[in-house]
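My structure is below; once you've seen it, I'll send some questions.
Labels for the chains are A, B, C and D, by order of writing; each one numbers its residues from 1.
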Amino acid sequence: MTHSVAILGASGYTGAELVRLIATHPGLEVGALSADRKAGMAMAEVYPHLRHMDLPPLVRIEELDFSGIDLCFCALPHATSQAVIAELPEGVKVVDLSADFRLRDLSDYEKWYGKPHSAPELQKEAVYGLTEFYRDEIAGARLVAGTGCNAATGLFSLLPLMKGGVIDLDDIIIDMKVGVSGAGRSPKENLLHAELSENWHPYSVGGKHRHLGEFDQEFSKAAGRRVEVQFTPTLVPANRGILAASYVKGDAEAVHAALAAAYAEEPFIVVLPMGEVPAAKHVRATNFVHIGVVKERGSGRATVYAVLDNLCKGSSGQAVQNANLMLGLPETEGLMLAPVYP
Amino acid sequence: MTHSVAILGASGYTGAELVRLIATHPGLEVGALSADRKAGMAMAEVYPHLRHMDLPPLVRIEELDFSGIDLCFCALPHATSQAVIAELPEGVKVVDLSADFRLRDLSDYEKWYGKPHSAPELQKEAVYGLTEFYRDEIAGARLVAGTGCNAATGLFSLLPLMKGGVIDLDDIIIDMKVGVSGAGRSPKENLLHAELSENWHPYSVGGKHRHLGEFDQEFSKAAGRRVEVQFTPTLVPANRGILAASYVKGDAEAVHAALAAAYAEEPFIVVLPMGEVPAAKHVRATNFVHIGVVKERGSGRATVYAVLDNLCKGSSGQAVQNANLMLGLPETEGLMLAPVYP
Amino acid sequence: MTHSVAILGASGYTGAELVRLIATHPGLEVGALSADRKAGMAMAEVYPHLRHMDLPPLVRIEELDFSGIDLCFCALPHATSQAVIAELPEGVKVVDLSADFRLRDLSDYEKWYGKPHSAPELQKEAVYGLTEFYRDEIAGARLVAGTGCNAATGLFSLLPLMKGGVIDLDDIIIDMKVGVSGAGRSPKENLLHAELSENWHPYSVGGKHRHLGEFDQEFSKAAGRRVEVQFTPTLVPANRGILAASYVKGDAEAVHAALAAAYAEEPFIVVLPMGEVPAAKHVRATNFVHIGVVKERGSGRATVYAVLDNLCKGSSGQAVQNANLMLGLPETEGLMLAPVYP
Amino acid sequence: MTHSVAILGASGYTGAELVRLIATHPGLEVGALSADRKAGMAMAEVYPHLRHMDLPPLVRIEELDFSGIDLCFCALPHATSQAVIAELPEGVKVVDLSADFRLRDLSDYEKWYGKPHSAPELQKEAVYGLTEFYRDEIAGARLVAGTGCNAATGLFSLLPLMKGGVIDLDDIIIDMKVGVSGAGRSPKENLLHAELSENWHPYSVGGKHRHLGEFDQEFSKAAGRRVEVQFTPTLVPANRGILAASYVKGDAEAVHAALAAAYAEEPFIVVLPMGEVPAAKHVRATNFVHIGVVKERGSGRATVYAVLDNLCKGSSGQAVQNANLMLGLPETEGLMLAPVYP
């Protein structure tokens, strides 16, 4: 049986990635597409690479017909997302890809996103979408809040280390190198090819990146105490991918063992042999995560390296993985695509 | 029922692409892998992006066990290929990705490849692998010769125009812009990132590119007379893809109509509305071809633009499409992947 | 003695390139900078790579003080340019980098740029800025109209072939591969890194590119009869550079000889030995042009390849070269920089 | 007066970069060029971007005539370098770009480079080439050892912080993102465009990068005690440039003040206003260094960001800067080129 899904905000990169994944997913089909500024256009006009597919036209959200829709992927900007989801029919399950329902504490939301939350009741029922750590809650949820792509990369790297004294929880530095597609398709000067090619630079420096809200929430919950990591991303001249280097204090072998144990049964997460390191392109366009651990010189220092594809495992692939669980489908269905290389 | 296939020369880019496509192909599974210089290694060592897959080890060709193998993809260098294929068990079907069996006239082979053919008998039975034009012969063949990737791009652009006086057959210029993966994974100075990034230049200029042999053969056969086009490729700083601009003399509307008619029922070939042009990334990592026709100023001049992915539709995707036919599977099986964008 | 120059529209890429060239030019110094939307900012805020230089602030054009300014580089959009230049003090020489004064026939201007020219008197005195062909007129001019960057590449390739029956003037096709910086710094979706990286596609197809106006004018003038070439550019994923392939009918040796003779004494134009081809990166960030000629198979066909840097020789470098002449400085002064490679 | 210089190992990227810088240097000219494997070729064959220059042919080192040569740039591989320099005429000054004379302690050399030093006497007289910190010694030296490019980036970031208790010397982590040209022009699989484009990954992990030897030596010397930093580079898909993020414990304002004071008079080193961060492309193809300081959340943590061009300030530009001092020329002569942007 095939489930029909709607994609709200289909004209962005995560919307296009959802369509790509659903194209070969045996259990899902695209039942409706919305895009405000591009309403009235065919998806093939907005994304000619999808012209071989038979897709519904892009319409305004208020024009959508939700009858027959089992699940709704919401790829709208934050703030818009909470307003729209509050109006959706009750019977429709929702995977939200925005930041609106990630932070459980409403004051945290206000702190990081600069305004009060407009749908606090919905917030309460939302489940954080990091599948490997919230599998059971997600399977039973009506509303799942997809994680930030950087947040996912850091959380996969470190969550299993938050307990048991494996690392010093007060001295964690995460240095990420991220591709540009996470910044979206809206034209901005700093995202131009001419500006970014042969260029790289840090951004959101000084503890200002909003995904810190997710780190604080999830690391603290896992540790059972307040944990605040240091985190800065650097934009690199590539389209897809995130590489996180997490600098920790702890025994490298113990770190590796804790990660290997945590992910031993996970279909999408591979812990490399001790000392091996991952490369961003090794998981390109897939739902996989590769994690490596390196012992540093000096005693008691280690680095955890993790890579994932920001648009797939960091966003739309994770969303499909969660949708599979919510709809009672096998978790990996439609997601075992091999990376595109080179 | 799943067919077991072997990939000879699996350590090159076309070998890796075959594995990627088979990874989600419901009717094929990888039964054996060979790679001479990397024999003894796991595929995941050579291509860590495939580490999530359960694959047979890389062995020398002479160590391969062909019992249980239904079809063999041969991704070896030319000259090597003919020697190896001549020794394969008779019951194994073969899709050859090298240049060895593309040219029917042995003197053409010698002219373009610089040495006599060593398996002339095999040459006779080989079918040229341009699926859309040799579908029936391929379905019944034991040995199919995959086309050159540039050859395929030019042939898709122009083959339907060879008859009926649509264009002037004596005045055809094909200008291709090609990504670098077609040059393979062997380290060469001119293929270094430092050399190629921010660089582009023509190569194999002056009528020396070997795919001209395929053009001459197929265009002449279709036209029923000798046709010799002019063709030069330019290497562009990208990994995958080919864009061909074919400059012809003829009525643009008639050119468009002939192409649209020829490909109306083809699942992988899309003829764009008159005047629209394709982009290389719109077919990235897929088996699709997009073709556009433009009327030039001045009377009686038109340009045909075509894009495909050199490693997929130009090589390994085409090989799987042909294998589907040879094994009695649906032609599109495993090949309806959507492009990776951005 | 140092000449003081103003740069109007200094916040665009050609403005920044002018500053780069003047930085090490012994005879020029930047006396004033204008930029409308960024007025009030320091150049180092708009272009931090220039922060080591001591530059005047960006002001609105109406706030500029032209006393002490010997020459004005005008890097404004077309249409704006003609209005601004009409108001400049009479004693200030002008090198205009826009399209406003390139076309001598006012009806051509209206045809290609879609509106009547507002400064027809100025148009009459303007000299076309292709230095190597208008050297004497430029030396005595008050107003020089810089050429289009694509126009320059095609003109250098073919102008010396317009006379003497070297090639068939009715059958010329120019296929250009161009980097993205020519499209400027204004944010547009199709110029994003995510869109362009790993992508390439033709644009302004079907005889619509505005530089055709310059081709028609200059080729016809040189030939002494109407000449209309066919020309289409393809955008490639790189920042700087243009490669033109000009497909002509004529004897390749005669073509090479005509080009070699025409440029024998030119300091910036290098004609490669017969059969050698240029690469875009070989002239990166310089004022040089490399030209190669290839004999095609079949009789009487040749291809002329030319490369230049669109922002330098195609625009700002050409402008400085012209300014040198207009100010009585050595023509090559400040322009003998070697290419940045790799 | 112009000084004549020789470049040994001119066929590598640092050799080509030296020629580029000398092309517009008023006080230097290229008197001789050597390259072993490419002996007998013209420099324009090896590097066609230099074809406009009148350069001596590439010869074997043993064929070089050192009469008239004032200074020799030695851009040879390590180990080769020490053997060659030991044989140079006594009157010729030498700037060595290899690693051979950087480490004062011969056992350190053996530890990091895996074999005993063959010219220990020369080692004693060599001056470490970090110009801003060894200016006086360099001016009087016969042999200067150019620094590693990564080493230079880290040393500029942190050397002024080694004294006065500004930062915790036992807790320093340097995370560098480096372009690929530092790996040289020798063909290697991992340096191919197809491998590196859209890819990035750490390398020399676990305290194994050889530039750690330089860090240990220089930081310890400056601090007056043993200092061992943690350092890992990540290869990013770009040709030129290094961005270092140095994670330190200390008051951000004090860190910024110490750096600003140290570099207040330096012509090539710019300390950005507090909180601003540099970008790799802002110093592209120049001798400049941009340094920024960011205060992290949590008390007492700061990050120092520094960018430089690995081939220029990190190698050949630094070499010219040192040569200027050794030859009594103004230190900045020939080096005030503005960055190429975009």
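We adopt the following convention: a residue touches a chain if its C-beta (ideal position, glycine included) is under 8 Å from a C-beta of that chain, and two chains touch if they have at least 3 such contacts.
For each chain, UniProt lists the protein as follows: A, B, C, D = N-acetyl-gamma-glutamyl-phosphate reductase.
Fair warning: this is a prediction, and the values are worked out from it, not measured in the lab.
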| item | value |
| --- | --- |
| Comparison of B-C and B-D (more C-beta pairs in contact) | B-C |
| Distance-maximising chain from chain C - centres being C-alpha averages | A |
| Where chain B and chain C are represented by their mean Cα positions, the distance between them in whole Å | 39 |
| Length of the line joining the C-alpha centres of chain B and chain D, rounded to whole Å | 45 |
| Multi-partner residues of chain B (at least 2 other chains) | 13, 181, 194-195, 197-198, 237-240, 278-279, 281, 284, 342 |
| List of chain C residues in touch with chain A within their complex | 13, 180-181, 183, 185-189, 191-198, 237-239 |
| Chain D partner contacts - residues on chain A that touch it in the complex | 173, 175, 177, 179, 194-195, 197-203, 205-207, 212, 228, 230, 232, 234, 236-241, 243, 245, 247, 275, 277-281, 284, 294-298, 301, 303, 305, 307, 342 |
| Footprint of chain B on chain A - complex, ascending | 13, 16, 19-20, 23-24, 47-53, 181, 197-198, 239-240, 267-268, 270, 278-279, 281-285, 288, 290, 336-342 |
